[in-house]
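Please read the structure below before turning to the comments.
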Amino acid sequence: QEQFIGLPSYRVGPYAAGGSGIYGGWIDYMTLINERDGGINGVKLTWEECETEYNNARGVECYERLKGKGPTGNTTFQPLSTGITYSVLEKVAQDKIPMVTIGYGRTDAADGRVFPWVFPMISTYWSQASGMVKFIGGKVGGLEQLKGKKIVYLYHDSAFGKEGIPLMEQSAQKYGFTLKQIPVAHPGNEQQAQWLQIRQEKPDYVILWGWGVMNPTALRAAARSGYPRDRIVGGWWSGSEEDTIPAGDAAKGYISANLSGVGTGFPVIQEVQKHVYARNKGNMEDKNRVGSVYYNRGIVHGILTVEAIRTAQQKFGAGKPMTGEQVRWGFEHLNLDADHLARLGATGLLPELKVSCADHEGAGKVKFQQWDGSKWLPLTDWIEADRAQVRGLIEASAGAYAKEKGVTPRDCSKEP
Amino acid sequence: MNDIASAVREQAPPAGHAGRIGGVVLDLQGISLSFGGVKALTDISFDVREHEIRSIIGPNGAGKSSMLNVINGVYHPQQGRILFRGEERRRMEPHRAAAQGIARTFQNIALFKGMSVLDNIMTGRNLKMRCGLLRHALYWGPAQREEIAHRLKVEEIIDFLEIQGIRKTPVGRLPYGLQKRVELGRALAAEPSLLLLDEPMAGMNVEEKQDMCRFILDVNDQFGTTIVLIEHDMGVVMDISDRVVVLDYGRKIGDGPPDEVKRNPEVIAAYLGAAH
Amino acid sequence: MLYREAGQFKASYQADQQIFPIRQDRVGFSLVLAFFFLLVPAVANQYWLQAILIPVLIFSLAALGLNILTGYAGQLSLGSAAFMAVGAFAAYNFMLRVPGMPFLLALVLGGLCAAAVGVAFGLPSLRIKGFYLAVATLAAQFFIIWALTKFPWFSNHSASGVISTQAVVILGYAFDTPASKYLLTLSVVALLALLAKNMVRSSTGRAWMAVRDMDVAAEVIGIRPLHAKLSAFAVSSFYCGVAGALYAYTYLGTVEPEGFNLDLSFKILFMIIIGGVGSILGAFLGAAFIVLLPIFLDNIIPQLFGGLLSSSFSSNLQLIVFGGLIIFFLIVEPHGLARLWQIGKEKLRLWPFPH
Amino acid sequence: MQFFFEVLIGGLLSGVLYALVALGFVLIYKASGVFNFAQGAMVFFAALSFVGFQEVLQRWGLPAAPAFWLAFVLTLGAMVVLGILTERIVLRPLVNQPPITLFMATIGLTYLVEGIAQGIWGANVRGLDLGIADEPVEWVMESAGLLVSRFDVFAAAMAGALVLSLALFFQYTRTGRALRAVADDHQAALSIGIPLQRIWAIVWAVAGFVALVAGLIWGARNGVQFALTYTALKALPVLILGGFTSVPGAIVGGLIVGASEKLAEVYIGPMVGGGIESWFPYVLALAFLLLRPEGLFGEKHIDRV
Amino acid sequence: MSTDAAVPYLEINNVEVIYDHVILVLKGVSLKVPRGGIVALLGANGAGKSTTLKSISNLLRAERGEVTKGSIHFKGDRVDRMTPSDLVKRGVIQVMEGRHCFAHLSVEENLLAGAYTRGHARAEIRAGLEKVYHYFPRLKQRRGSQAGYTSGGEQQMCAIGRALMARPEMILLDEPSMGLAPQIVEEIFEIVKDLNRSEGVGFLLAEQNTLVALRYADFGYILENGRVVMEGAAAELAANEDVKEFYLGLSGEGRKSFRDVKHYRRRKRWLS
């Protein structure tokens, strides 16, 4: 009895640091389930990695290659790359394989009526942006205090970097702050010009929507131009150890969003240490990275996947391998309340989550954390995005997609 | 130009060759050319008559190749006038010169190394081909007909130069002497009225030189092509040219029929040496 | 002595100028065509069609385009992916904005847009040569991707800059299965390959090669270098553009500008160098090699070393082996796989004698 | 005006950093006519090996300072070995091949080096501290009110020293002359007894040293991670601007590219939506090339008939 | 063949060369150069003269050619596995056909590069330079110009001068007379003779200019289609009727004018 999960991973090239952390955590969690529990109700998890090098074409190849493996075929596809997400978006619906994209991918896919097979769970970019506005509002003494303030949105000049813009613009209007957008050309290893501009603008906050080497470079450049780091708020792809360590002292005080908790303090991670690493079955080459931001995000991937399968088993038969279609149902009915999280030992590691037919995001929350010079410290509890605002944007965008593609959205009241 | 090779075989060179030499085709007046500090040519004037074989000789570095480069527009002289068929030009682009019927070969072989002999010679006919890119892409009808028509001409040249056996060989693999012959073929393919040959016989043994001379003379006789020839082999130059220009360090030191030039003391001192 | 041309005489130049003057080649090639047109769609599974064959074909087309520019006309370019992007986005916008636009026409128009852009970026080639030109073509690569990202009109104001292509329908027939998409791609690629072959064996192609081998001499025999270079840029970009449109329509379905990044340009360059610069067959062999090798390694290396290696190391080992094989093949045959094939044929012709 | 100068100076200083990487390219191109695409990977490899050795040595209990220098020496050794191996495995069998083939081989080498680097040292992102604070030089700040980073000044000085010594080396030494000869014509160089093998090994080792210096400086600036390979992209426009064959050209090209791209980003960028740094240097370089096709200081391509 | 009492300085035995793995060019060539001898290697275009020289100097590999059979000895040592650089150090140097100067180096730098194998012996190198300038005054005039911009003849002198800078004991000279003015050709052969006499430098000359070559050489080989078809003392060869007709252009009644030669005259060949 096996449940197969295809892992389109990347462990070489510029993305390797993130990839090895996330896939390491994820695989460790699945190992934990197998080792400790003997699988999900006795169904062992099996997986196979397929190196994508973060490349769309190779991702598609991996998708096709993994599709038919295992007794029930690949049952969930989580490419960890927006490009690959887009490339297989239509295929997953045809092949009936749910695709989970946590913290990346197509934002408007959170509208489950239009995208039944895609699950951008926990938070989308717009939730993140909204969470950031709320966080900064809190810092300045309430959202209404944002009026007249100036925020710089420093972004990676790419589709990814521009994701936050619509929500930021809307919020700027809504709350009356000035938004200044400054792009950084890929790869962003030189930001002299941008930070001189920022120095001239004297913004109250800088939102850092960066990627890769752009992040430490930004922090360095900020330090050099004397901009206080604790007024830079990064996104969750700008908030890992990989982003701060290279910046050295310059990163001290820097704040970033995250969609998972940080550190080894969670019971589930202790369990991993005990059942996996103590038995020498850990996937991380560098054990010190257990508990790091990306690693924990990988654990979250593991938890969500396993719990979706468990949920599906409850409906379709415990102890049996689930098909992709059944797992999709599991995702759509995933309900991780506080109790459930506590049972998993993951309280605080991920927010409470309730996915539904219409809402594939499930939580829309972010946490903020601060770098103390050597590690990330939690700064806030979960902050919920302005869900109405986010939802509005999502539905508009999904609606446009549905129209362009001629898709009729599901009627959620009729869903089982 | 029907089967030149066999035609030539039957025909001895016409006796009255000198009689066919016509008026001035190319007139160079006061040409000066320098590169930075180096004066390659200083105030050179000479002319070339229709149907003649005009040789340029001179020591190494005298400016002979530069002279050819001036004639077909690769170099632009700082001073002087060039009259080609009575038409004056100061600045000429090489492809325009080609269009007007000037073809040439190069001292250091300038064949297209990646192509076969056939293709190399076919490029010589590029100027005469009319079909455009789209027709070529389709290759059907006019393009193919044109291709075959020109292929016929090129095959005549191949026969003429007796290089049938290496038609499909990439030129890079050919020995030097054959490459020179192919280069001549490429120049001939354009059916030029003025042919500039830069040391076509360098690196050949006597037998091959004889062949090459034969080709040059035949071209000259058969098509009335005017020929400007640079050559270091005095035997060849004295035997086949009608008139000879002698350059030395960019200056002209002699001009006239071979016999006359041969006796010119300045030429002997500068170039021929006592032996000749 | 199976492979010999002895006894095959060509009575006309027409016969001599065929693409495959040797009978064995003609037969072999027909068999290959039949195999790919008839047998493959019938027996190949979706994985092979969708994940291997279609991309190999599309990359072959792009490589063919680059090969025309680099291999035949001698202009090294590092911007092919950008021209693919132009083709993809142009085709998308034609389909989107012109009601009733037939797909094949959009494909051609996409290619033409790419050709126009290609010509614009090819203008400096008259003065700039070799690696200088190569680096200069990076301007095209970065500028085009920047422009496609920067101006939302190109992606129909999609928030993420991603376009998802319209359904492919030709004369009422919807190409929506892998097999039909494969056949469509194959037909387009085969047709364009034929046209390319025709171009390179006619005076256009000879002008390109002449400019490549020695542009001064080419000019002296009356070839206008600018004309030859620009036409090569145009044709090359057209091919890349069509490849880009196919990449979007028959392969991925959705594309974003960043998908056409420098890496992709390089990949196409690898294809022609590994396959054989200045060879049509080389474009196909090279594309197949570059697409298949990493997949092969990804399958084989974890199996060979199974538990011995950590997954990171096995991924890195793939990279190492890939790089090593590229070098190995270059050393074995610097002129690419196509040349290897040719030498093989030559040996076969002499077989069983070694020389 | 103040702001203008700040941008200008910042740009010039980052230009020097670009030049540092460009130098590695020039070195190899000048000596073997090879456009070494692997230069970026070598920078990455050098920096990664350096911090890797440092980590290992410190884990063994060596104090920071000796660990730093020992790691430096070890990395230098590794780069020399890499250079020699490259010559052995890649270049030697490819003598006299067209430049594009050699170029391609260096791309293969790029994969090889990247794979080896990450295979040995892992994919972790690391910091690198050279002990030079990246903060404004005070007296400039006080007297002129300009931000000039101490670190950048240090880097510029390093680059300047390297450029000077390399330029002298090429022009006036026997080996330097042999290098240029090799670049012109492999076969002729062989024929007069220049030991190509040794020459190339030397050059690649020196290029490895330059890569190490570049890797340390860039690594200290942005962290040691895969993105170091991208520094090569920054060096390319510098290279065409200055000329592939000119050592001083690398510096001048670097200064021009650095200053102009920053000024353009600040003053032109906002008009077109910004992010023009990605292509502006290339377009600028292209414009220069139209005037001088061999770059500002490059050797003229000799083509005679 | 006339017997050579002297020890063969350079001896190549039954050498076979294949290009590109398939093109067989030399089909077993054997020849000898005695100490201090000048030996001419004659033959039509494509006979394999250059290939023979390159197989000796080991430059074949760079053209994807290889010696597949046979052996090459220099002063009794087998040298066919040596690098060109070691060979130059041992005193064997080739002047390649078609000049091959370093285009971007000045003439003088070209010459200095030729002294690479001599290490840092400055005074000696200066002396060598002076000697070359003495032989080729024209080079002295152009010493500062980039070699790529000098005329063909100047480049040829530069290439020969460059080889001399290595103080070789044996020079493989590939078509030295090509493209040179008659005076210079004589001069160059005089230099050859001079070097040979005063310094005992041996020469293997691949030459098309048979007339001159046989005048200066002691011994000659005629190569055709990759095989040696005739060998003998230079004077003997020059007297041979076939050689006279095909290589010297002399028929019964002396030299014929080039204008009068009929090109349909079919050649007789020794082989093929």
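Which chain is which? They are A, B, C, D and E, in the order written, and residues in each are numbered from 1.
Here, contacts are C-beta pairs under 8 Å (C-beta built on N, C-alpha and C of every residue); 3 or more make two chains touch, one makes a residue touch a chain.
Which protein is which chain? UniProt says B = Amino acid/amide ABC transporter ATP-binding protein 1 (HAAT family); C = Amino acid/amide ABC transporter membrane protein 2 (HAAT family); D = Amino acid/amide ABC transporter membrane protein 1 (HAAT family); E = Amino acid/amide ABC transporter ATP-binding protein 2 (HAAT family).
The shown structure was predicted, so the numbers you read here are calculated from the model rather than taken from an experiment.
Among the remaining chains, those touching chain C and also chain E are B, D. A count of contacting C-beta pairs for D-E and for B-E identifies B-E as the more extensively joined pair. When every chain is reduced to the mean of its C-alpha atoms, the one closest to the centre of the whole protein set is C. Averaging Cα atoms per chain gives one point for each, and the point farthest from that of chain D is the centre of B. Chain centre most remote from that of chain E: A (centre = mean of CA atoms).
Measuring from the averaged C-alpha position of chain A to that of chain D gives a distance of 36 Å.
Chain E has its Cα centroid 73 Å from the Cα centroid of chain A. Chain centres here are Cα means. That of chain C falls 32 Å from that of chain D.
Chain centres here are Cα averages; for chain B and chain D they lie 49 Å apart.
Within chain E, residues 23, 149 each touch two or more of the remaining chains. The set of chain C residues touching two or more other chains comprises 146, 149-150, 216-217, 220, 312, 316, 318-319.
Within chain D, the positions touching two or more other chains are listed as 114-115, 118, 122-123, 233, 273, 275-276, 278, 304-305.
Partner chain C is touched in their complex by these residues of chain E: 18, 20-24. Those residues of chain B that touch chain E in the shared complex are 8-9, 13, 35, 38, 58-62, 65, 107-108, 173-178, 199, 202-211, 213-215, 217-218, 232-236, 239-240, 271-273, 275-276. Here chain C touches chain E in the complex through residues 343, 346-347, 350, 355, going by the rule given at the top.
Those residues of chain D whose C-beta lies close enough to touch chain A in the complex are 3, 6-7, 10-11, 13-14, 114-115, 118, 122-129, 134-136, 147, 149, 218, 221-227, 229-231, 233-234, 261-262, 265-266, 269, 273-278.
In the complex of the two chains, the chain D residues touching chain C come out as 35, 89-90, 93-94, 97-101, 103-105, 107-116, 118-119, 122-123, 233, 236-237, 239-240, 244, 272-273, 275-276, 278-279, 282-283, 285-286, 289-290, 293-295, 301, 303, 305.
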